[in-house]
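Two complexes come next, and they have one chain in common, subunit A, joined by subunit B in the first and subunit C in the second.
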Partner chain A sequence: MGITIKDVSKAFGTFQAVKNVSLEIPTGDFVALLGPSGSGKTTLLRLIAGLEGLDSGGIYFDDIDNTYKSIKERNVGFVFQNYALFKHMTIFENIAFGLKVRPRKTRPSKNEITEKVNELLKLVQLDHLAKRYPSQLSGGQRQRIALARALAVEPEVLLLDEPFGALDAKVRQELRHWLREIHQKLNITTVFVTHDQEEALEMADTVVVMNFGEIEQIGSPEEVYQKPESAFVYSFLGRVNEFRDSEVASESDKISYIRPHEIVLRKILQGDSIVSEVSHIHVIGSTVRIELRRYDTNDLFEAEMSIDQYQKMGQVKKGDILYAEFKNIVVFDKNSENKLNHSGKSGIRNSLKSKLI
Partner chain B sequence: MADKRKRHRVLPGFGLSMGYTLIYLSLIILIPIAVLFLKASTISLAEFWDTVTEARVVASYKLTIYTSFIAAFVNAIFGTLIAWVLVRYDFYGKRIIDALVDLPFALPTAVAGIALTTIYAPNGWIGQYFESIGIKVAYTPLGIMIALTFIGLPFVVRSVQPVLQDLDQQYEEAAATLGANPLQIFAKIIFPAIFPATLTGFALAFARALGEYGSVVFISGNMPMKTEIVPLLIITKLEQFNYAGAAAIAVVMLVFSFVLLFLINFWQWKTTKKYQVS
Partner chain C sequence: MIVRDTTLHAKNVKTTFQPGLLTKWLLITVAIGFLGIFIVVPLIAVFSEALNKGVQLYFAALTEPDAVSAIKLTLITAAITIPVNTIFGVFAAWAIAKFEFKGKNILITLIDIPFAVSPVIAGLVFVLLFGSQGLFGPFLEANNIKIIFGIPGIILATIFVTFPFVVRELLPIMQEQGTEEEQAAITLGANGWQMFFRVTLPNIKWGLLYGVILCNARAMGEFGAVSVVSGHIRGLTNTIPLHVEILYNEYNFTAAFAVASLLAMLALLTLILKSFVEWKTKKH
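This part shows the complex of A and B:
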């Protein structure tokens, strides 16, 4: 079932959590609402579920106007960040809850419920835990059960609020793949909230980047990463070096950005490069991050390379002088941080040149 | 054990504080109770049995237990309701109502007893309306229940309130997204969560009611076999310098209360234990 959100606004007191947001989610899509805390992403998700009432606008599931319908009538599955499993019920009872509370007319028989719950337990690969209580499960297991519980009512739309936020890195990684698989299997329209750009880029078909209650950009993970429409999107999606008061860009009302992996370091001067001094070297598994200080402006910046490249470059230590070439600088207007002046590479290079050495 | 002793604590002083605890409990609770048993044992077993099974005494046991139970039960229901209102809603004067709940703790019980008697007497403000439909409140077991309800109310409210406050609304929201209606959400999600606290409040209110004297003696009318409570009988015996007899009745009441509280606590432990392992 597709979701259409039209000019939706929601305020909590004087705080505008969601401002005039419009969004079209096609059936079967896997959407990430991505943004920093306070960007309105969770509020938007809760508005879709009906857990929050909206101030203005409309929410439609396909052609059905759901704007003022109760949570119950919307038939959504909702997964909470902290699982919200019912502590006093076993895992089996938790999953069966949605079926057991149905009015007698539509309630499945006891055998049907048992069958359905077992089927779901198999889907989340935890059928051996049916008789346990939530407190006896690990975080990752609890979140899977929470998902199974949400799926038990056969929702048309699956909503997940920071589903992996409370889990440790390794479990999170596993569950990401697993959730993708489940989505492919069931093909339910799925919307999840996250503040982790990696998670959004890795899992979603469509990424919706939000900031201050508004949508900054909608697009595939590739689009939002490669063609960010605003300084915010650029800087939020991945590590970034920021040069304000621009010595790189000549005009002072511009901010320039470059991603660490787009900086090439050399030991000998070659092309347009900036003289820099190494101030720190971090080796993080297969990547190496080098912190440098520019000689011309004294700004700190960070370059990233693979360990192979690092080894090819030869021994580097703190205090060494390296030449940094900025390969893909992106310049945004400072005043209206939304407008993109896509890096006319040569233009930047020219302005760079004048500042070099 | 050796490991335990070595375990580092942020705040030292286990020995000192534990020693203090034991001495304190002995002086305040254990020794007086031991003396009570000692006093009761100064009479022969036959005398003891005669004293505690006298018809008037048995009637008072029954009355005390059943009025206390009903009062605690009523408190369990309405105290939970008050706690709910205080936690879940914001309204003008909420703080005043919150403070009012503690009033039965603060008020001298005799004052409460006199006030309640005045109001519920056949010609009192409220009593007259009950009188007109043929219900006597003051000087009947019903009056005793009202006095006991009054003094027991804060126990339930104050037990349930913090638990309700900590109850994350996420559980209700989760139940709602799964299609539960408000009644089902209360019965299946909220009630099981607060039930142990309600039970605690019930036990406390019940225990308090069993021993209550000051507020009851005025409203009960103290008619032998009808509206005499156990504490009153004990006082009566004391006034007749029958200390051993008073102690005998007290011992029975004490043992009974202890067993009852033990059972309630056991029940509570059983209901919470299974899902609170972590």
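This part shows the complex of A and C:
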């Protein structure tokens, strides 16, 4: 089922959580709502579920107007950040809950419920835990059960609030793959909230980047990463070097950005390069981060490369002089609502040359 | 390296353990001594005085018509007060813990009033409202309804005095639990009643029971407020505590202590139940 969000706004007291948001989610899509805390992403998710009432706008599932419908009528599956499993019920009873509370007319028989729950337990690969209580499960297991419980009512839309927020890095990685697989198997329209850009880029078909209650950009993970439409999106989706060229009077309201891995370091001068001094070298597994100081502006910046590239470059130590080529610098206008001014290689390189060298 | 660490550790324990032991036993002795003098001795005194003149007199004092009527009235009062305060206590705790609204703090303060105010004042308030000189007095008299110096007055005063027990017990539990499980129940298609009986109630049941036990103990034992509104009519508007007072004032000590021993037993029973519930809650 596709979701259409039309011009939706929601305020809590004086705090405008969601501002005139419009969004079109096609059937079967896997969407990440990405943004920092307070960006309105969770509120938007809760508005879709009906857990919050909106102030203005409309929410449609396909052609059905769900704007003022109750949670029940919307037929959504919602997975809460802290799982919200029923503590006093076994895992089996937790998953069966949604079926057991149905009115007698539509309630499946006991055998059917048992069958359905067992099927779901198999889907989340935890059929051996049916008789346990939530407190006896690990965080990752609880998350899977929460998902199984939400799926039991056969929702047409699956909504997940920070699904992996409370888990440690390794379990998170596992569950990401697992959730993708489940989505592929069931093909339910799925929307999840996250503040982790890596999670959004890795899992989603569509990434919706939010900030201050508004949508900054909608696109595939590749689009939002490669062609960010605003300085916020650029800086939120990964590590970034920021240069404020305030010393150039004519361009005082411009900020240039470049990602660390887009900086090429050389030991000999070649092309348009900036003379820089190495101030730190961090080797993090298979990547190497080098912190440098520009000779011209004294700004610190960071370059990133694979350990292979690092070894190819030859011995580098603190205090060495390197030549940095800024291959993909992007300039955003500070004043025009952070919207993109220039992008790509042409033009910018030239303007950069005049600024930097 | 490891060996050195453990010896260092052992030394530390030893130096802090010695004076700790002394403090510990001193504190325990003081606590037991205090409790012995102020609680255990009086409790024994109640029972020994009650049984002073033999078991026969003890039971005679309990089965005498006025005593039976006092016991009955106390049970009726508790039987009405507890359900009322349980239901409204759950409502109030739910409203406060799970919803945001203006005047919430005022409501919390209002709930605490019965604890803050002397029970005598509580009784007087009802006399001022429903007594013949009171606000609703003429109306009640015209319609032949008797509240003060009657059973309704006793029940009203008891409800007032015992209202905070259930709410106060539930509030922290409900606040700690938040609303996520309830929201989950709703998203899974449960209606309000299903949510309450299948999710909310099971989560608060031990706290609720604890509150009910305390409420019951106070409802049966309340003296001040009930004394003001009762009118002390023997066999009609006397509860157990009032009956004890009357007997005592008549120098009928054996009977007074015999009836009082019922309240003492109620207290012991309450404590046992309370410990059981506490143990259950911890296990939960």
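Here is the rule we go by: the second predicted complex is superposed on the first by the 341 of 357 C-alpha atoms of A that agree within 3 Å, B and C clash if a C-alpha of one lies under 4 Å from a C-alpha of the other, contacts with A are read in each partner's own complex, and residues count from 1 in each chain.
Just so we're on the same page, a residue touches a chain if its C-beta (ideal position, glycine included) is under 8 Å from a C-beta of that chain, and two chains touch if they have at least 3 such contacts.
Just so it is clear, the structure is predicted and the values come from calculations on it, not from any experiment.
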item: Three-chain arrangement built on subunit A, subunit B and subunit C clash or fit; value: clash
item: Partner chain in contact with A:V153 - subunit B first, subunit C second, else both or neither; value: both
item: First (subunit B), second (subunit C), both or neither touched by A:P260; value: neither
item: Touching partner for A:P228 - first (subunit B), second (subunit C), both, neither; value: neither
item: Which superposed partner A:Y133 touches (first subunit B, second subunit C, both, neither); value: first
item: First (subunit B), second (subunit C), both or neither touched by A:A49; value: both
item: First, second, both or neither for A:G213, with subunit B first and subunit C second; value: neither
item: Subunit A positions touched by subunit B in one structure and by subunit C in the second; value: 49, 51, 71-72, 76-78, 80, 82, 84, 86-88, 97-98, 101-102, 149-150, 152-153
item: Residue ranges of subunit C touching subunit A (in the complex, touch as defined); value: 180-181, 183-191, 194, 198-199, 202-203, 284
item: For the subunit B and subunit A complex, residues of the former touching the latter; value: 168, 170-171, 173-181, 184, 188-189, 192-193, 274-278
item: Contact footprint of subunit B on subunit A as seen in their complex; value: 49, 51, 71-72, 76-78, 80, 82, 84, 86-89, 97-98, 101-102, 133-136, 149-150, 152-153
item: Subunit A - residues contacting subunit C, complex; value: 49, 51, 71-72, 76-78, 80, 82, 84-88, 97-98, 101-102, 149-150, 152-153
